[in-house]
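Working notes, beginning with the structure itself.
Labels run A, B, C, D and E following the written order; every chain starts at residue 1.
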């Protein structure tokens, strides 16, 4: 089984630990990732805030490359990338005009039928039974709060993934691997996302709320499937502790981290040792 | 020689604004056969109609065209006016220059040109009209009422009291409907059961009423005045004739844990049960899915306890056929199923409110049972999760209604009132409690209605916040309600012990297949369609079938009852005649030309065409032909399109008329 | 002025179903940053409905929005409230009306786009440097300039970024995409940032 | 085979099982066979059977003067026989009163008619008496059934219209197509109605087109493909194409071939909720 | 804007009395503007709409014809629209064979609640027909009388 792979800027940059984790984990599952040839940035919030056309064109270029190179599906582990790709795709699907215009803009013909997948969907396609079959270490020590953030499920009509108010797909996978996910209330609350640079106060406040709620519901770690969520909850956690005078002390794992651990990989090969908050 | 009068209506400014009515009159006056053409401000008004009548007389008109609104609006009106002056009403045609012209085309020249053409078409049509006589059909003076809620009860009693036989069909084991489960009613706060149960008893005991409970309409045949209705009586496993309603059986039944549908799952019941103590008939049924006898093949306690020997485990569904002349549909409503109904793209509505996840988030009918003296808590307000008395309750309006994205686009109309009532009932029982209401608008039109809502706010201190709630979560046994008060422009979070969602009213399950059996139309939401929103509010387009209550649209008890009486009135008007007059715009076979291929017989949706034989005086077969049963034909014209030799035609829409209209086009 | 915008922008906001909003406030109720907004999302939609772009464009709230899309997801009328925020931001920049106080978000986003235009992919170190310099030049806020500087060693230690970063190979096509999109968006310059975007210019009107 | 046919007919007439036999006879040696109506056993020698017996004789079953001959036997080829089933479904004949003599047939005409090339009913299947033996049709005979129309439909719409304009401009409204069609049994044809005139009676292109549309569509789901209309047309218009296109539509959309399956419900005057409607907005 | 210079197509709409006619009424009640090119001929049901009417409309110079009625399952007469649908399936084949432009014969289901759809359908048909131009091919046929 192999998948097309669109890492996006984050996984090649400051969230390369996520990239490492995804690679190691899927490798262990016998999945081959075929990275998109000369992909470009999806534009993220900046594009859709400042230039509507650009917000369609940048992801459209990537979709067109995937079509050109014969990749029927594309794993985009970053939900921002994945949402931008899907948004472009549904805009393209909606009108012939748009397809023509943007084929012209991105200088490649585009149909818009690539199947864009997030990390959870890839794990689902690999199959719970397969993963379980390869697992060697139960995750029974882990009581994760599974955190979906905004863009894994929103906007629902574009993402068409899980229940946008009460998602449970990560819990399903982790529970199968022996973890005991907690029920909590901030699964889909926003952590402040792209405001990390521009407005740190918002990020600290929102992320603090999320960490606190996870703790109140007896989680001993948080699981994410998003590089931005990880930055805000992990890298910013020391700042949050300082600002709000508390000790959350909650390690934040990528979903692929925990699946990788269950598969018997060590923390180092998954890049967990490079996180800011480490398990004591 | 045709002498057609054309009457062009201004409809105030509605038509005159975009159509130059005077110019149109001048132009159409030139058309062949037009004797006079004139415009007037309001043609449907009394003076307008008088004008038409006067011209019919003075100009010796042989047909008239009224160019005004949709024929669905006023064709009847103008036909009546013509008839009053002695002109056959079927010599009246309309040109729809309002809905199809002035309201949709804003270029005056274009609209005027089109109006003239529409009138020309109508003139062409009316020239081919001929006088028709209504068709007389016999009436069975016996009515069927479908649904035994307050509307059905009212309609049945009114008809029965007038001296006619009524058959009532109710799907549940008892009549009473939703009202039987309500606590107190707005705006008087009188007890729902106290008003309703005596009426239920009246139905049960009325000599003119035949009651089929736990029964459903299976099929409907026939037509206006002559329906044959097959009713399926579901197996009760209790012989109603033998049973005395003593209660020994349900008191002894060991299976006690079935959620009570009557209590909206807020309480439990036994496997053999009456839905509520005041049930009519006060006879139990056995729920096969809960009964140990059926599930495990043992038990039989009820049969042992029953001294009347009324328990019959071998009972089967049976069918009865009732012949009736009129049908009243009063199938009522159900609540929008929060979190269970899917919108267009398949997402489930209102996950954000946690209904079904958090036990203390309930809907309004569940709250009714919670405050009802006959409810599972005996009228004490105790929340489902832990039985505590909730000190803060949040009521959320417009759940499922006025919500195109997740629910139904319409306003459910009664929720504002019942929510105000709920806050009052709550405050009357929990004096130190706080009731918050999140609302978008307060719609309290009705006698003493707005006063009632003000009382909830001013006297009982309900906290009303204008804004919708975005999310409900649960922390430490309390519900965190994240809303907004748009009037102060601030987000607002309330910690509540209980949340009540004012869920929308929508038609009861199964109304659509029923409507199809009855040939009654319904709208996209499943509400049954009345013939005319203003002038024929309880009639339907299926002759002899009437509607009342919430199956026709959201409404409260007084309105339902009023409409039920209106429907009963219409039935009685029908029953006041020995024979009924039917619109003659139906199919007619040219029997001489008919080649008797009988394609029409195969196609007719009403089996209204039969194979007939024409014989000479000696009884020899001359020819065979198709023939229309005037009582059954509804005038759809399917036969006309299928007949290769056009040996069948439909009055009012004849081949000649349609071609004349086409020919008249420039 | 506002009338002119209405006609020019009616299409954009029309597509977002702004007219359908009946002001229930659910967007504001669920917004994670509503408390920090000078104007609530529903109020902004109302201003757009009224054609009062002057007020809406100046609001800080549009720059507080974290694009989490909770508003659009829960809107009972399917108004794309998050899309309205995007459109307002785009318009504010185009008209040079972006709130001075919220300059930083805008500067960040512009620096972000400039970075992609040049490199095809984001080069984080370059972006941070550029953003901070631009921000410092605008508001001389030394603390932002320094903040995060302390983070750098920690990130380096964790090998969490390349000092140089990577680039797409075919950068020419990226530049052309930017150009074409600017033309599509009706902007006059080719960098995702029309000249009028400078907030000072906006203030002089 | 001819002897067998004559003997069969003679016996039927002698026994009084029928009062008349409708069959083929020869008027002149060079022309196609003509219908003959044999009432006397001694006249059966007038009957012929060869590959010039084109006519579909079922047409005469709805003629008053023929019906007045008494109980009838009729000679049909496998293709003509399908018409009997349609007429029966449409209450036009009482099958129990008619003796059907089926003629085994390997095709008529020299060269064979187009319809014979794709014929899959060489042997009549529901005749009371079958005379002769025919070859078994090729397994793929049916595959070529719509070849001509499929070929025609490959042309552009403009081309098709131009074709019909040219062809129909020759039509003289002689109604021979109607007169020979066994399915045209209306007592008064719609084209002969004058209130209203739905089809212009003059032999102009407008009237000719309207007439041919009407004729073809009235045969939708009914035409058995005997092609008598085409054979009868003095202007040589290939009416077969129109009939074929509707036969194709009937088979493709509803799996229905008129006159083939006595248990199949006729498609006109019936419907299915599953009928496709991708063309409807 | 000289109207005379702009081709104004003639569109004839055969609609059923109970769904599409009421849908068009609703478009009026809601003041939904659309081009004035359509002429409605009201018939009880799509079941009544014969193919001859479509032919006749073209003979009378129509540039496009619309046939519209109740959605499947919603027929006021329960099944008229199903009969009609079946006929149209067959009739379309005949039109194709004759080379009659399928872009000029339109079928739709428009319910009494779909005023908006009526507006859209009429607007689209009008625009489409304007783009196609007058139906000269058929007019030529008729001129030869």
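Throughout what follows, contacts are C-beta pairs under 8 Å (C-beta built on N, C-alpha and C of every residue); 3 or more make two chains touch, one makes a residue touch a chain.
These figures come from a predicted structure and were not determined experimentally.
Asks: If you take the chains that touch subunit B and keep only those that also touch subunit C, what is left?
Replies: A
Asks: Chains shared as neighbours by subunit A and subunit D?
Replies: Both-contact set = B.
Asks: Ranking chain pairs by contacts, what comes out on top?
Replies: Most contacting pair of chains: A-C.
Asks: Would you mind checking which chain's C-alpha centre is most distant from the centre of subunit A?
Replies: The chain lying farthest from subunit A is D.
Asks: Greatest Cα-centroid separation from subunit C: which chain?
Replies: Centre of mass proxy via C-alpha means gives D as farthest from subunit C.
Asks: Would you mind pulling out the distance in Å between where the CA atoms of subunit C average out and where those of subunit D do?
Replies: Centre separation, subunit C to subunit D: 75 Å.
Asks: Taking each chain's centre as its mean C-alpha position, how far apart are subunit B and subunit E in Å?
Replies: Inter-chain centre distance comes to 31 Å.
Asks: Approximately how many whole Å separate the CA-defined centres of subunit C and subunit E?
Replies: Whole-Å distance between the two chain centres: 48.
Asks: Measure off the straight-line distance from the CA centroid of subunit A to the CA centroid of subunit C, and report it in whole Å.
Replies: Roughly 22 Å, centre to centre.
Asks: Taking each residue of subunit D in turn, which ones touch at least two of the other chains?
Replies: 190, 198, 268-270
Asks: Which positions in subunit A are in touch with at least two other chains?
Replies: Counting only residues that touch two or more other chains, subunit A contributes 156, 164.
Asks: Please output the residue numbers of subunit B that touch at least 2 other chains, ranges allowed.
Replies: Residues 352, 471, 603, 642, 659.
Asks: Give every touching pair of chains, nothing left out.
Replies: Chain-chain contacts present: A-B, A-C, B-C, B-D, B-E, D-E.
Asks: If you look only at subunit D, which of its residues touch subunit E in the complex?
Replies: Going by the criterion above, the answer is residues 149, 152-153, 156-165, 169, 190, 198-200, 202, 204-207, 209-210, 213-214, 216-217, 220-221, 241-242, 245-246, 248-250, 253-254, 267-273, 275-277, 279-281.
Asks: Which of the residues in subunit B end up touching subunit E in this complex?
Replies: By the definition above, subunit B touches subunit E via 70-72, 96, 98-101, 103-107, 109-111, 113-114, 117-118, 121, 516, 519, 521, 523-524, 529, 541, 585, 603, 605-606, 634-638, 640-642, 650, 652-653, 658-659, 661-663, 665.
Asks: Would you tell me which residues of subunit B are touching subunit C in their complex?
Replies: It is residues 352, 398, 402-407, 440, 466-471, 482-486, 489-492 of subunit B that touch subunit C.
Asks: Can you check the complex and tell me which residues of subunit A touch subunit C?
Replies: 9-10, 12-17, 38-41, 43-54, 57-58, 61, 101, 104-107, 149-151, 154-156, 164, 188-190, 192-195, 197-202, 206, 235, 274-276
Asks: For the complex, give me every residue of subunit E touching subunit B.
Replies: Against subunit B, subunit E makes touches at 3, 10, 12, 18, 21-22, 24-29, 31-36, 39-45, 47-51, 53, 56-57, 60-61, 73-80, 83-84, 87, 111-113, 119.
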